[in-house]
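Structures given as structure tokens follow.
Next come two complexes built around subunit A: one with subunit B, the other with subunit C.
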Partner chain A sequence: MLLALAASGYAVVVSVVGARAGRAALVVSARNAAILAFPLLTLASLMLLIGLMTQRYDIAYVWQTTNPSTPDFYRFTALWGSQQGSLLFWCWIMSGFAAAALVLNWKAYRRLMPYVIAYTMATLAFFVGLTFFLENPFERHWIVGTEVVKAAIQPVGGRVPTPTEIGVFSESARGLNPLLRHFGMIIHPPMLYLGFTGMVIPFAFAMAALASGDLSTNWIKATRGWKLIAWLFLSLGLILGGRWAYDVLGWGGYWGWDPVENAAFLPWLIGTAFIHSVMIQEKRGMLKVWNMFLVIFTFSAVIFGTFATRSGLVESVHSFAQSSIGAPMFFFWAAVTLVSVALILYRWHRGELKDETHKTGLLSRETLFVLNNVIFIALTVAIFWGSFGAPITSELFMGTNITLGAEYFNAVTAPLFIAMYILMGVAPLSAWGAMSVGRLGRALLVPLGLTLLTLAALFITGTTSLAALFGYGVVLLAGYVAVYETVRGALARQRTAGEPFLRALLAIFGRNRRRYGGFVVHLGITVIGIGVIGSTLFQVETQQTLRPGESLTIGDYALRFDGMVNGAIAEDGRVMVIANTTVLRSGNEIATIRPRHDIFPARRQEDMNTMMIAGAHSTLENDFYVLLVGWTPDTATFKVYINPLVNLVWWGGLVLILGTLISVAPQQTLPSRVRARVMAEAPA
Partner chain B sequence: MAQAAWEKPVSVSAPAHQTKRGRRWQFIIGGLLILGAVIALIVQGMNAGGRFFITVEETLSNPAYVGQSVRVSGAVVGETIRYDAENLIIEFEVAHVPQNVAEAGAALHAAANDPNALRMRVRVENQVKPELLQHEAQAIMTGTLNENGVFMVSDLNLKCPSRFIEGAVPSLGQGGA
Partner chain C sequence: MKIGGFFCASLRALGFIIVVLMLAAIPALAQTVDVTDDAVNAVAKRLYCPVCENQPLDTCMTEACARWREEIRLQLAEGSTPDQVVANFVAQFGERAVGTPLDPVLRALALVTPYVLAALALMLGVFTLIRWRGRRPVSTPAASIPVSDDYLSQVERDLRGK
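Then we have the complex of A and B:
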């Protein structure tokens, strides 16, 4: 870690000196040092992983996150299971992103590269330094007299513990928190870290453009793929976090407006605004300053979120422990934001960020995209205020602490999300430059008609809630526009190229991945929206204590309790208490499910953990979600939820990911037959 | 083959009657309207969801908080936890923990194990007992204090207990931390 810190520090200084002095050799040397940080941090992460896998309980982190009964798989995931390890993991991912960006973009963007090195490595050096000096995952247990002391280097008068003493340590080792033993939680943190750290690349390119004066669209072209990849991982992290909450926390929901959840959502919102507004700069040469602000504030939100989560700034159910990294992280965040904004203002003042045109109509696509940006930023501000602004301001200026609960977030965000969906439906139908009301209205006719037909069908089949119908209408319009525009594109291609429809459809995705991948993303957001409306407005629940053979009813479903299995032992030592139940619908058995409690044994009673695992029968229509909340030798008590359409939230997430992958795939610039001809004609 | 066949072309010909100044005013007025709407939403949301976040001591010592929805943080006293699984009623006591303590884990440990610490009775209805409801866990609760001195919780959150042992070390005695 120390070598990685030295390499990244060296890269910062030498890249800037090389760029200023015009000495290419220095910049190359800085690049090599920057790339070297990746294998060095890989080695450090591997060392910690080896410590975890080989049960080195003399390493404090290993003692804290694992114990002898921890399965190998969870020993591996313990790498990011607590503060110190997750910081090292964070540094490793960031160094990987930086190395990849430097290797892949080196030739194409030579002028920007020295500053890209400087900004990525300055960020990396900060985090590696923070990890090494304040949250070192390699701290060891030392024996000083009869006491055990934790320190990174051997204290005066201290000695290495003997194997027997390490054996004693293992008996009190903590083990991974059972709440983290879930598929969603295992890959949720890495996905979020990939999203967070990936944002450093667009940020570094934007800052490099400002520092070097190359304010053309080069930095945008260079970061197109990187920002989408980071956004993809961030989206995946958020979805998996929701899935974990739904499966593990046992309240039948997936988003609780917790400050830490919100801290991860903020960069996603600003990043989404940036993905849209950057298109305006590419197409029309407008919003240059705004785009710079967005890319910088996306990264600033990443750093702030990390600071808020890891410093103990806010009271959250899943923040890390209060730690000494709060102050340095705050100063780093403030410095990054202030320096970035100062650089923008400097270039703006020099007239280098002037828009190339101001001509635009009120209903043009760029105006609607700007409106979409306003909505995203309003969401960001409202959520930031509710999560951090109000509590901190009230404490600083009123001497009391005011927090804002879910009622605040629901009241503020619902209208903004409605506006977002409406714009998602209308904006793709507009044209760059200008658009008349009549033309836009005509373009809207088919999707609007389909939306109204679907609403009528929903009404006839029993959905009479006005709120639900309105919500479905707004969301469906966005989805139908995405489908309609895609089909229209394929039909146009079919007419001009004389191809079958499916081939034409594939061809338009090949020719314009960004546009049509974007429509698939919109479709994913539509599906998520339908899932959110259904599961929020129509969730029903009941609870009942049953004897074996008895049933409870909820809607047209019934749950029959068939009996208990008490004391089954899993491979990893968990003791399971399982309720065997059968789900019936209209009298017909449709599934058997086994809600259970897992008990994680420990040497001491107070270290023993239990975990309630829901049983669910999942279909696209709904989740029949059952919790075993209590039992006696003769009875079992169940809490049952029916969560309509909740699975669309996860399926929509998958569609969103598919769309992003399509958008991020390399663009095919020539039709395959032309490419084949060119290749054939090319001299050997 | 022209991409333009299925891509909308850029059109820069704005309607003639829209002068540059007129358009600017339209954008400014539109922007102000949106800003006003967002501020109104935030104010309305704060009225609906704003609560004081206070300690157990503040809750019990100030009669003004009786009947008012507040958010309270305290240390769970494990031996007082009672769970009626049949009716989904949880009752327990939380001990006072000062706000903004440097070592949250130590403060919770001290509060939950101090028989003289100020305690508040808590009742949660229609909620499954969370796994994290354990001795020394930090409970963050939204609810109202009733006239009998019982805090009626509408939203119960508990912090992950593993956080509080970060920084602990093993002892050389059998199994003790």
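Then we have the complex of A and C:
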């Protein structure tokens, strides 16, 4: 870690000196040092992993996150199971992104590279330094007299523990936080970290453009793939986090507007605004300053979210314990944001960020994209205010602690999400430059007709809630536009090329992956929207206490309590209390489910953890979701939810991922055979 | 950590029994007053655990929250309306006990501010559009360099030098 810190520090200084002095050799040396940070941090992460797998309880982190009964799989995931390890893991991923960006973009964007090195490595150096000096995962237990002392370096008068003493440590080892023993939580943090750290690359290129004065679209071309990859991982992280909350937190939902959830959502919102807004700059040379602000604030939101989660600023089921890294992280966040904004203002003042075109129609695509950006920024501001702004303001200036919960977020964000879906439906039908009302209206005719037909079908089949019909209508319009535009494109291709429809469909995806991948993403967001509306507006719940053989009814379902299994012990030592239940619908048995409590014994009572694991019968129509909330020797108390359409949230997430993958795949306009021939024939 | 503070199996068992008894006591208490769990949860959903930050009271698993849910049940059984129960909790634990503040100033601060900020964002967007429509096309700024090729960059630098 120390070597990685030195390498990244060296890269920062030498790249800037090399760029200023015009000495290419220094820049190459800085690049090599920057790339070297990756294998060094890989080695550090491997060392910690080996410590976890070989049960080295003399390492404080291993003692803190595992114990002898921890299965190997969870030993592996313990690498990011607590503050110190996860910071090292974060540094490792960031160094990987930086190395990949430097290798892949080195030849094409040489002028930007020195500054890209400087910004990526400055960020990496900060995080490695933070990890090494304040949250070192390699701190060990030393024996000083009769005391056990935790330190990275052997203290004066201290000695290494004997194997017997290490055995003693193993008996008191804590084990992985039970909340993290879930598939969603195992891959949710790495996905989020990939999304967060991936945002450093677009940020570094933007800053490099500002620093170097190369304010053409080079930085945008260079970051096109990186920003989508980061956005993809961030989306995956959010979806998996929602799934984890649904399965593990035991409250029947997937999004609780928890401040830490929101902290991860903020960069996603600004990043999404940027993905749309940057198209205007590419196509029309407009919004140069705005795009710079968006890319910088996306990264700023990443750093702020990390600060909020790890500093103890807010408490949440996700937060790491309060630690000493809060102040340095806050100053780093403030410095990054201020320096970036100052650089933008400097270039703006010099007239180097002027738009190349100003004229645009009122219904043109760029106008609608600007409105789309307004909505995303308004959502960001509203969520930031509810999560951090209002609680901090009220505490600082009014001396009162307040919590803004789902009531606030639902009230404030619902109109904005509706506006977002409307624009998602209308904007793709508009054209760059200008669009008449009549043309836009004609383009909307088919999707709008399909939406109205679907709403009529929903009404006839029993959905009479006006709020639901309006919500479904808005969301469906966006989905139908995505499907309609894709089908229209394929039909046009079919007519001109005389190809079968499916082949034409594949061809248009191959020719314009960004556009049609984007439509698939919109379709995914539509499916998620339908799931959210269904599971929010139509969720029903009840809580009742039953004796064995008794049933409760909810909707057209019934839940029969068949009996308890007390004290079953799992392989990892947890004690399970299981309720056997049967789900009936219209009198017919359709499933048996076993909600349970997992009790994780510990040496001290305050370290003991209990988890409520839901039992669920899942169909595309709904989830019959059961929690065992209490029991006596004769009774059990169940909390039962029916969550209509909730599984569409996960399916929509998969569609969204698929669409992003299509968009991010490299565009290949000529077959590789032809390209190879052209390259071979080209003059040297 | 002192050497000798070893893992104690009996302590683990004792802890386990305490938790099981603790959990078992919750539904037993629930049957003491004739108010349904659903009525209690409907009120608890509007409240936040005064101890665990950002955790709604109806889903919090701590013993303290179980007691507070019983407190809700008692107040409902005594004839308090859900709004009165919420107000009682706010009086007892402060505004952080409720999802949106009851105090009019704090409520306005919480609910109006995002709309004001959204309106500002909208004004910024409208201002941008008006600016776009009101100005003539401008040429590409001199500082822009369309291609990042080393050779072209060198040529540009040379030209600027002359």
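The rule is short, and it goes like this: the second predicted complex is superposed on the first by the 654 of 684 C-alpha atoms of A that agree within 3 Å, B and C clash if a C-alpha of one lies under 4 Å from a C-alpha of the other, contacts with A are read in each partner's own complex, and residues count from 1 in each chain.
Criterion: a residue touches a chain if its C-beta (ideal position, glycine included) is under 8 Å from a C-beta of that chain, and two chains touch if they have at least 3 such contacts.
All values derive from a computational prediction rather than experimental measurement.
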Combined model on subunit A: subunit C and subunit B, fit or clash: clash
Subunit B versus subunit C as contact partner of A:Lys283, first or second or both or neither: first
First (subunit B), second (subunit C), both or neither touched by A:Leu537: neither
Touched partner set for A:Leu215, first subunit B, second subunit C, both or neither: second
Which of subunit B and subunit C A:Tyr408 touches, first, second, both or neither: both
Touched partner set for A:Val374, first subunit B, second subunit C, both or neither: both
Contacts of A:Thr146 with subunit B and subunit C, given as first, second, both or neither: both
Touched partner set for A:Thr400, first subunit B, second subunit C, both or neither: both
Partner chain(s) touched by A:Arg110 [first = subunit B, second = subunit C, both, neither]: second
Partner chain(s) touched by A:Trp385 [first = subunit B, second = subunit C, both, neither]: both
Region of subunit B that runs into subunit C when the structures are aligned on their shared chain, from 4-12, 22-30, 94-102 or 112-120: 22-30
On subunit A, positions contacted by subunit B and by subunit C: 141, 143, 146, 148, 165, 168, 171-172, 249-251, 258, 315-317, 357-360, 362, 371, 374, 378, 381-382, 385-386, 390, 400-408, 411-412, 416, 543, 545, 603-604, 610, 612, 629-631, 637, 639
List of subunit A residues in touch with subunit B within their complex: 57, 60, 63-64, 82-83, 141, 143, 146, 148-150, 165, 168-169, 171-174, 177-179, 249-251, 258, 283-284, 312, 315-323, 357-362, 365, 371, 374, 378, 381-382, 385-386, 390-391, 400-412, 415-416, 430-436, 488-489, 492-493, 495-497, 508, 511-512, 515, 543, 545, 603-604, 606, 609-612, 627, 629-631, 637, 639, 671
Touch list for subunit C against partner subunit A, complex: 1-8, 11-16, 18-20, 23-24, 26-28, 30-31, 36-38, 41, 46, 48, 52-56, 58-59, 61, 94-101, 103, 105-106, 109-111, 113-115, 117-118, 121-122, 124-125, 128-129, 131-141, 143-148, 150, 153
Subunit A-touching residues of subunit B, taken from the complex the two chains share: 1-3, 5-15, 18, 20, 23, 26, 31, 34, 37-38, 41-42, 44-46, 48-54, 71, 73, 78, 83, 85-86, 88, 99, 102-105, 126-132, 134-135, 140, 142, 155, 157-177
Subunit C-facing residues of subunit A, complex: 108-112, 141, 143, 146-148, 165, 168, 171-172, 213-218, 249-252, 256, 258-259, 285-287, 290, 314-317, 350-360, 362, 366-367, 370-371, 373-374, 377-378, 381-382, 385-386, 389-390, 393-394, 398, 400-408, 411-412, 416, 541-545, 575, 577, 597, 599, 601-605, 608, 610, 612, 629-633, 635-637, 639
